[in-house]
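Read through the structures below before going on.
In what comes next, chain A is part of two complexes: it sits with chain B in the first one and with chain C in the second one.
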Partner chain A sequence: MTQIARIRAFICAEFAPDIAPQDLPADMDLIQSGVIDSLGVLKLVAFLEDECGVAIAPEELDAELYRSLEAIAALLASKTEVAA
Partner chain B sequence: MNQLSPLCLSPAAFADSLLRASPDARILDAAARPVTMADLRGEVARLRALLSHLPEGPVALCAAKTPLALAGLLAILSDGRAYAPLDPAHPEERLTGILALLRPVAVLVDGPAAARLAVWAGAEGLPLIALDAHARPPARGALPAAVGPEVTAVLHTSGSTGTPKQVRIAAPALVAFNRWVGQEFALTPGDCLLSHAPLAFDLSFLDVFSGLTAGASLALADAETARSGERLLRLIDSAGVTVVQAAPSALALMVRAAEGRRFPAVRAVLFAGEPMPAATLQAIFATFPAARITNIYGCTETNDTFFYDVPRANTPDPLPLGQPLPYVRHVVMDEAGQPVAPGEEGELWVACPTLMEGYSDPALNARAFADWQGVRHYRSNDRVRLGADGLLHFLGRADSVQKISGHRVDLAEVEAHLARLPGVVELAVFVTEREGDRRLECAVATDGRALSSLDLRRHAMTGLPAPAIPRRYSIGPDPLPKNSNGKICRRMLARLALAL
Partner chain C sequence: MTRTALFPKTAPSPKTAPQPGFRADLVEELCLGLDRWAAQFNANWQEDDRAGTLSQARWLAVCEAGLTGLTVPEDFGGLGLSAAELAQVLEHFGTISEDSGLGFTLATHLCSTCIPVARFGSPAMKAALLPALAAGDRVGAHAITEPDSGSDAFAMRSRALPHATGYTLSGEKCYISSAPLADVIVVYARTDAEKGALGGFSALAVDRGLPGVSVGRSRSKMGLRSAPMADLHFDAVEVPGAALIGREGQGFSILDYVMKWEILCVFALQLGEMRRQLRQCLTWAKTRQQFGQAIGGYQAVSHRIADMHMRLEGAANWLARAVRAMEGGGRASLEIAAAKLAISEANVANSLDAVLLHGGAGYMSDTGIEAGLRNAVGGLIYSGTSDIQRNRIAAMLGL
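Right, the complex of A and B next:
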């Protein structure tokens, strides 16, 4: 499973068990659609740190950065670029 | 049509007027087998003779809705007593709870109800009288009557706590209502009214009392028929029903079963009790192409107080409550008990001749009644607003506003928005609590098309703020669970959701 597929599976299992992961559109607004709320952002950040091995800085606890799967992928990409 | 003078409004005079108004009416059972009024009067006389030696006080009626049960109801009134209809579909505990509160002098029962109540009634010394009995039961010692002689109907509604509220209604309230229905909908002896609601539900006043007052025929749907769209349509067809009144969820059953069939003989469709989904309304237009479609608003305590004739084009959604009945006074109040400015939100207070005498519980009366300009008003607990169109609009129950993670969310508003998604037949939003975590959930019955929670969330996003979007969805083609009034039961849904 790719990293983004694992995140997708986590989001569906944790926040929207009724959505099949493959059905969750990459550009869907997760905040606006009520899938993730402020508490959900914290859970997601914990998942990203534990499972994807990235460090999220306190100033990155901004819901805007997690607004969609695409946004999360972009955030992860920026982290891995810095690491590389 | 209505010859009653205001002076003779005892239960007996009321029953007499109903029986005399309709010499040619027929009472049809759920299989459309007719009973003539002459036969019905015979049954009323027989049953009245079984009651006449009992001490003063109300008589309860617990039986499936048949012409014989209707004769039992009329016999109770005819003997000068209040009738208290109990829904045989209710759990035994609720029935005995109501009987313990009511303290009737007897209960008229059919076979199944007798079997369920026999042990409890035996222990209490309460006579059960079979609807097909010919011999008088032994009279019990006189108890102080819990309900005064001015009361004609005693209904029990579910309180929010689950304890039934006892609502006492006098004959003049019913007569005033019958007069309005008869005039507004031009009922004649040529009409046949579908009686869908259980006798224990106040919607039955219109079918049974207003129908008989106009000399019209009645088609009585029993509980089994009332749950089946196909059976209801068959009854409408074979009984020649011209006027249909039912809760929106019952109409949804009918129009789903219709599958393109049309019923042009139905000239009026009335609905009340819960919000009407737009998709169901469109299907009602198609199924009943010749009918006047009317949204009616009221409650057990006041009977109907507002109505709105639904236009077939440019139909508003949600539907407004509309305009007050001609005898209804109303005012929209703020929390301090002062009228709000026109167009502002507030609680609806109404005053009308159809107002109940009161609850059995003085504490409930203290909350329900309030004087305004020297007139006793009923506080509806419903939030409303006067629209720029001059019509009253429903915003939700006072208690439909819930706090969800710190945000104020109006469940009625969430439901109204979600129900607009094509494919939704029934929808309810409710709050569940797991380990202190309160969250919104949504249950949906679809018209068979494959709706996913993603569809619902996407639709929700178009009109609702994020905190108002339900977190969990259960979606399927099966109808949502109803209470016996035919209303979607949110408490049952929440219990089901927590059991998963």
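Right, the complex of A and C next:
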């Protein structure tokens, strides 16, 4: 399972049990739609740190960075680039 | 081994210690230095507790001892302590300060203002505020709670309407620690009515002298009486744009960051206070004679003290875990919540045991024992109640 597939599965299992992972659009606004709230962002960040091995700085606790799967993928990609 | 050797150490548990980069010499020097200030920190503290005030002389001692600059970066006149260094210094302060209110006021100053300005403030804001905050020439506070938003912090109604040159701030804040003393108040308010907790709120460093800022009368409280508290009213206060901390909409992330440091600071202090309290109880158990022997010889007393020790060291281990998690660069959400919960509940339980162990003397104000219990109860409420901490822990466990 790819990293994004794991994140997709986590979001559905934690926040949107009625949505099958394959049905979660990559550009869906997770915050506007109410899938993820403020505590949800903290849970998501903890998941990203634990499962994807990235460190999220305090300044990166920004809704825009977690607004959609696409945004989350971009955040992870930027961190991977920095690490590389 | 003598029985004396079983006394808990004054120094923090080795488990809280050293990470790479930990400046052990600096921490030791600071702790030794604080010992020399103990008399000034504690001078007539019970009068302050009775009157519900903090004497200027005791606060000046805190400033002159350099404590107001502990978290301010060195470039701005502070010491720039890491989380681990700060925890040890504040825990030591807790062991020597007999008044929780003094430490609480210090923690409020450090966490409300010094920490967010240093981390998120613009270069100009840092230059303008940090040197005076480090010296204690200006006192910091923050305003979060409102009459209709406590645990649900982001239900707050205070608004900071953006305009060309800054913000028009209006709203009510209540139970604001250090409000009667503060020169700079970090106010959390809604800046975007269309957004929720994430992106809808911002943090502003508001000068208390601005027209429209008013401070209510000092609140009377169960404990922490020497840590003054009041309500605040903001009546169309014109706040300059330069007072915005970080970016507009960043209030949630700033508050999340600040609360971690607040919990670290306040509960490191409490840990130190619990160590001092346990030493007092041990001394009492060894010297108080009843029915022909020291009361420590009775298991009803010795087992109670054993329980106090276990709670204290369990709490210390949770703080150490939280410090390690913070220093590891992660969110530390679970560890911080667990440390807050463990220490606050241990402190209440130990403080009640301390009163019971001292009997009638423990119930009298002049021994200072009962103040520990009154002060400890607040820890179950501020910085996120025990229920909220359990919510956070459960959420991080996947519930």
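Here is the rule we use: the second predicted complex is superposed on the first by the 84 of 84 C-alpha atoms of A that agree within 3 Å, B and C clash if a C-alpha of one lies under 4 Å from a C-alpha of the other, contacts with A are read in each partner's own complex, and residues count from 1 in each chain.
In this section, a contact is a pair of C-beta atoms (placed from the backbone, for glycine too) under 8 Å apart; a residue touches a chain by one contact, two chains touch by 3 or more.
As the structure is a prediction and not an experimental result, all values here were calculated from the model.
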{"item": "Which superposed partner A:15 touches (first chain B, second chain C, both, neither)", "value": "first"}
{"item": "Which superposed partner A:45 touches (first chain B, second chain C, both, neither)", "value": "second"}
{"item": "Touching partner for A:58 - first (chain B), second (chain C), both, neither", "value": "second"}
{"item": "Partner chain in contact with A:23 - chain B first, chain C second, else both or neither", "value": "first"}
{"item": "First, second, both or neither for A:37, with chain B first and chain C second", "value": "both"}
{"item": "Doubly contacted residues of chain A, that is, touched by chain B and again by chain C", "value": "31, 37, 39"}
{"item": "Of chain C, residues touching chain A in the complex", "value": "119-120, 154, 195-199, 246, 249-250, 252-254, 256-257, 328-331, 333-334, 391-392, 395-396, 398"}
{"item": "Residue ranges of chain A touching chain B (in the complex, touch as defined)", "value": "15-19, 23-25, 28-29, 31-35, 37, 39"}
{"item": "Residues of chain A that touch chain C when the two form their complex", "value": "14, 31, 37-39, 41-43, 45-46, 49, 55-64"}
{"item": "Chain A contact footprint on chain B (complex, rising order)", "value": "405, 452-454, 457-458, 460-461, 464, 466-475"}
